[in-house]
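Only one structure is covered here, and it is reproduced in the block below.
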Amino acid sequence: MSTVHPFEWFLINAAREFRDGEVTFVGFHWPMVAARIARHLHAPDLVVVYECGIVEDRLTPQLSTSPSDLRAAVGAPMCGGSMDALYSWLGRGRVARTFLEAPIVDRRGNVNTTVVGDYDRPTVRLPGSGGGTELGSLGRGLVLLSTGDRARAYPERVDYVTSPGHLSGPGERERLGYPAGRGPEVLLTPLGRLTFDSREGFVPAALRPGVSWQEARACFRWLREEPGELSELPEPTAEEVAATRHVLREAREMRYRLPADLPA
Amino acid sequence: MPRRVPRMSMRELVADLVPDGQQLLIGGFAFGDPMALAHEIVRQRRTGLDVLKTSGGVLVDLLVGAGCVAELAFCHVWNSVGPEPAHAFRRAVEGGHPNRPAIEELSFGAMTMGLAAGALGLPFMPTTPVTLSGHDLVRRRWPDKLGTVTSPFGDGELVSVARAITPRIGIFHVQRVDEFGNGQVFGPTAELRYAIGACERIVLVAEEVVATEVVRERPELTVVPGFAVEAVVVEPWAAHPTDSSGYYRRDLDHHIDYGAATATVEGFEDYVRDWIDGTDDHPGFLARLGGDRLAALALRDRWW
Amino acid sequence: MSTVHPFEWFLINAAREFRDGEVTFVGFHWPMVAARIARHLHAPDLVVVYECGIVEDRLTPQLSTSPSDLRAAVGAPMCGGSMDALYSWLGRGRVARTFLEAPIVDRRGNVNTTVVGDYDRPTVRLPGSGGGTELGSLGRGLVLLSTGDRARAYPERVDYVTSPGHLSGPGERERLGYPAGRGPEVLLTPLGRLTFDSREGFVPAALRPGVSWQEARACFRWLREEPGELSELPEPTAEEVAATRHVLREAREMRYRLPADLPA
Amino acid sequence: MPRRVPRMSMRELVADLVPDGQQLLIGGFAFGDPMALAHEIVRQRRTGLDVLKTSGGVLVDLLVGAGCVAELAFCHVWNSVGPEPAHAFRRAVEGGHPNRPAIEELSFGAMTMGLAAGALGLPFMPTTPVTLSGHDLVRRRWPDKLGTVTSPFGDGELVSVARAITPRIGIFHVQRVDEFGNGQVFGPTAELRYAIGACERIVLVAEEVVATEVVRERPELTVVPGFAVEAVVVEPWAAHPTDSSGYYRRDLDHHIDYGAATATVEGFEDYVRDWIDGTDDHPGFLARLGGDRLAALALRDRWW
C-alpha cells in the first residue's frame, strides 16, 4: 500500500477505539467518520446514537455530514429525541462509549469549542457546544479525538470549558455533582494515543511510529521526563487503510473538508 | 370537529407576528430549519429580534449577517456541512459587523431541559451537571439560566437545574398539518416537542396540508395538537437547504456554496441580493435553485 | 317527554357545564358521559384530552368505558403521553376547563377517591388517584361532578385528600406553591349546582326544581341560613333529554353500571 | 447489524426472571396490560413480589387476590369497566385476605415524573404540587417518594419534586418487535416511554415479531431501542382483556365477568382454577375464550 498519511493514521487509530456491539455516542465530525471506518472493519455490530435521537445500528447508504444530517436516519430502528439521547441513553449510562471531537483540549481533558480569547471580544469564535457539554459531563468511556499537531491545540487550561473534562484536578467532578466514573479517558491525536492519569493529566500511552518524545512534548507541553518504555501504535493493516480510504472518498463526495495534501 | 386554524402566507406571518424587536424561538435542529422564514425576515429587513434557536446553523448565520438580530440564545452556530465556518456569525461576534448581538449560550442538554420545563409548566428541570463549565460561568443576558439545588433525598447532592424557557412566540417547521393545525413530523424530533410546548404562541410552517384523516391514521406522529396552534403557513421546501425527513435531503452543495459566498461581507451582500431580495418569495427562491436540483434532493418516493 | 330521572337531570346539567370549542380535560366516568352528551348538543367542537395522552376532538364511533379505553383514540388527531396531557396541556394552562368525578368531596372541594376511614385499616378502599390529583392541583375551570345525594358524600373534611381542592382555607394553595387561579369552581350534584365561595366553601348557586333548602342542607351540612333568593336550574329541553337518553343507551351497551331505577 | 435479542417463553420469563420476592414494574395503563404475564405469575404461584404499576387494573387485582404480592406501589387499582369494584384488592387492603400488601401511592403525574427521573438518570423531577394531599402525608414504604425544594430562581417558590424510581426489572407489553428487540407501540403511550427507561433490566412482551424493515419504516413508533432490551416474549393477545391499539379492543364482557366472578373469595378461586391453572398457558386461555370472541375484538383489519 502507498504511504499512509498522518491523517489516515489518525482515523485508523480512532476507528480502533470503537468496540463491536457497544452502544456508542458519536459526536460531530471525525468521530462519525471513524465510526464508519470501524463498522467496515472490526465493529460491524456497532450501535451508534446521536444527540437528536437517532439510533444508527448498521451501515447507512451514505455517510452523514453531521449527526443531524438525516442520511443518518435512513433505515434507523428508532428516531427519538434529545431527551432520549442525552439523558435516557447517555446520562442513564446505557451508552458504553462516547466519542467527542476536541479541537482544543487541555491537560485535564476540558474541551473548548466556544471561544479563543476573551468571551465578549473573542479572537476566534467557534460554534459552541451543542450536545458536547453533555458528552463531557455524562459520557461513559469518553474518547476525545483531536487532529491538532501543534501546542496551540493543547493548552494547559482552555479559555472556555465547553465540555467539562476533569476540570482543575482530581475529585473536582465528584465534589460538584458530576456522576462518578465518567470524564475523558482517552485522547487520540495524530501524534499518538494519550490516556488520562488523575495526577499528570493526559499522558502518551503509545506514539505513532516515528514521533519522538520531544515532538510529543512540544505539543503536550505539560509532559515531563520521557518514560523508560514507551509503546508505539501498531502499524495499520492493509484492510484498515483500504477501509479508511474508502470512507474518505465518501467524505469527499459528501463535501467534507479534508487535509489539502491527502491523496485523492 | 374542532375549529379550523388560520392560514397565512410567509409574508403575512413576518409582517403580522414578527415585528422589529420580537422575541421568537425558531424550531429545527440543523434539519427542519425553516429557512424560508429566515429569508422572509431578511426581505422585510427586521431588526432588533431576540432569537432563540438550539442549533444555529446557516439560518442564524444569515439572520445575524443581515443585521436582524439584537439578542441571541443558542447551543451552537455553525454550517454543519464541510464544516464551513459560520462566517457572518463570526464577523458579528468577533468584529461587530453589522452589529454584535448580545448572546447567551446553553448546552443542548440544558436548553432541552429549560424548554421542557417551559413546556410542562414547571419552574425548572434538573439537567446535566455543568458547574464550572463555561455555560455556568458566563452569563450575559440570562443570569438565572442555570441554578443549583440541594437534593432533598439521599445525601443531599448538588443538582444543576435549568430554568424554564417560555418564548413569546415559536415558529416551527413540520412536514404536514391538517386544517385543524395538528402538526406531524417524521424522523428524529430532537428537542422539538418540548420547544413547541414551551412557547406562549405557536405557529407552524408546513411542507403541505393533508386531509385530516391522513393525520388521524398516524396520531403518534403528531408533535403538537391543533388546539395549541395559532396559525399555519404552508410552504413547500421551507427547510431547504436543511433536510426534512421523508421529504428531501440536506442540500450539501448549497451549504457549501453559502459558506463560500458569505466568506466576505461583499459576498454575503451578493448572496442576499441574489437569493433573497432577488427572489421575492420562497417559490422564487426555489425557481432560482432549479427543478433539477430539487428533483435530486426529493425523497417523497422513498419514505412515503 | 317522560319524567326526567334525577340522574338524567344530573347528567344534563353536567353537560351544560361544557363550552363549545374549549380544550377540556375529562376525567373518568360521568365526566366522559356528560362530555358526550354535550357534544351532541351545544358543544360539537369540544376538544377533550385524556390523561394517557389522547386528544378526542370529535364524536368517536363508540362511548369509551374509561379514558384508557382506546375506543377514545379512534380517529384521534394526536396520541401522546401522560407528560403531554398532565403537564404540557393541563399544568401549562392550555386546558380551559377540567372535569373530575368527586364521589366524596368536602366543603372546600377536596376530593377523596382513596380510602374511607383509617388509611392502613380502611372501612372502604377506593381505587386511588390516577391523574385525579393533577386535575385538582392543576386544572383550570375545575368542575366536580358527584352523584351523591346523601350527607356521607359531602363531609366537612375528607379522610384523605386525593385531589386537592382549596385544602383548609383561603390562600393555602398559593402558600404551598399551587399555581394561582386553579382549584375547584363548581360542584354539580343531583341536588343542584354549587359554586365555590372562598369563605363559605361550596354553596348552592341553583337547586334542581323541587329540591328544598332543607334537603340541600341535610346533604351539605356546612350550609347556614337560606339565602333570600335562590335560583332554580332551568328545566331540561326535549333535545337535552333525548341526547342524554341516547348516550345512556350507549353507556348501557358499553356495560356502564347505571342506577337500577333508570328507565331503559 | 446489532446483536439479536434472546427470545423466551412466558413460562421461562417468569421462571427465570421473576423469582419469589422480585421487584418488578409491570407496564400498561389499563391498555397494554400484559395480562398473560400475570396469569403465568399466578400459575407459578409466585409470592412476595414487590410490584410497581401505574394503573392497577384487573392485573393487580388478580395478582393481589392470588397472594403473589407483598409490596405494591401504584396510582390506582380498579376495574375500569362498569366500573366494577376491584374486589380482590379491596379484600386484601380492607380485610387482609389472602394477605395485606404493604402499599405506597403516588398520583399519576408524580409517578410519571418519578419514572422520568429514573429514565433520564436524574435524581428527581419537579412535579405536580401535592403538599398536604394524602399522597404527601401518607408514606409507608417510600418515605422519600416526594420532597420539596426551594426554587433558586425568582421569588424562591416551593417546588414539589418526585424522587427517581428505578425498578430492578420492567416487563412491558408492546405491539411489535423486531429480532433486535426494537419495540414499537401504536396509540397513546401514557408513561410508557419513561417507565421503560427507568428500569434497570427491560423485557418486552410483544404481540408479534415483524421483519426489522417493517420497524425501520416507522422509526418514530419505537419506544425502546433494542440495545436496551434484555429479552422478548412473543405472545399474541397478551394484553387481553385490556386493549392493544391497532390489534384488539378492550374486552368489556370479560372485565365485567371477572368482576362478577371475583366478588367472593370462592369465585376468585374458581376463576383462577378455570381461567389460569386450567388453561396451562396463554394459547390455552385464548382457546377457552373462543375464536368468536377474539374475532369480535380483533382490529387488525382496521388500523393496519
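Letters A, B, C and D mark the chains in the order given here, with residues in each chain numbered from 1 onward.
Note that in this section contacts are C-beta pairs under 8 Å (C-beta built on N, C-alpha and C of every residue); 3 or more make two chains touch, one makes a residue touch a chain.
Quick caveat: nothing in here was measured; it's all calculated off a predicted structure.
With C-D and B-C as the two chain pairs, more C-beta contacts join C-D.
In terms of their C-alpha centroids, the spacing between subunit A and subunit D amounts to 41 Å. In whole angstrom, the spacing between the mean C-alpha positions of subunit C and subunit D is 28. Counting partner chains per residue, subunit B shows two or more touched chains at residues 122, 148, 157, 159, 186-187, 189, 219-220. The multi-chain contact residues of subunit C, meaning those touching 2 or more other chains, are 73, 76, 79-80, 83, 87, 91, 138, 179. The touch graph of the protein chains shown belongs to none of the named shapes. Annotation, chain-chain contacts: A-B, A-D, B-C, B-D, C-D (touch as defined at the top).
On the side of subunit C, the complex with subunit D involves touching residues 28-29, 50-54, 65-66, 68-71, 73, 76, 79-83, 86-87, 91, 112-114, 119-125, 127-134, 137-138, 160-164, 167-168, 172-173, 176-179, 254-257. Those residues of subunit A whose C-beta lies close enough to touch subunit D in the complex are 21, 23, 44-45, 47, 49, 55, 57-58, 73, 75-80, 83-84, 87-89, 91-94, 138, 179.
Of all the residues in subunit B, the ones that touch subunit D in their complex are 117, 122-127, 144, 147-154, 157, 159, 161, 163, 185-187, 189, 217, 219-221, 303. By the touch rule above, subunit B contacts subunit C in their complex via residues 1-3, 119-122, 178, 180, 182, 197, 212, 215-216, 219-220, 222, 224-228.
Considering their complex, residues 29-31, 55-56, 74-78, 80-84, 86, 89-90, 93-94, 105-110, 112, 116, 128-135, 137-138, 140, 148, 157-160, 186-194, 243-245, 249-250, 252-253, 255-256 of subunit D touch subunit C.
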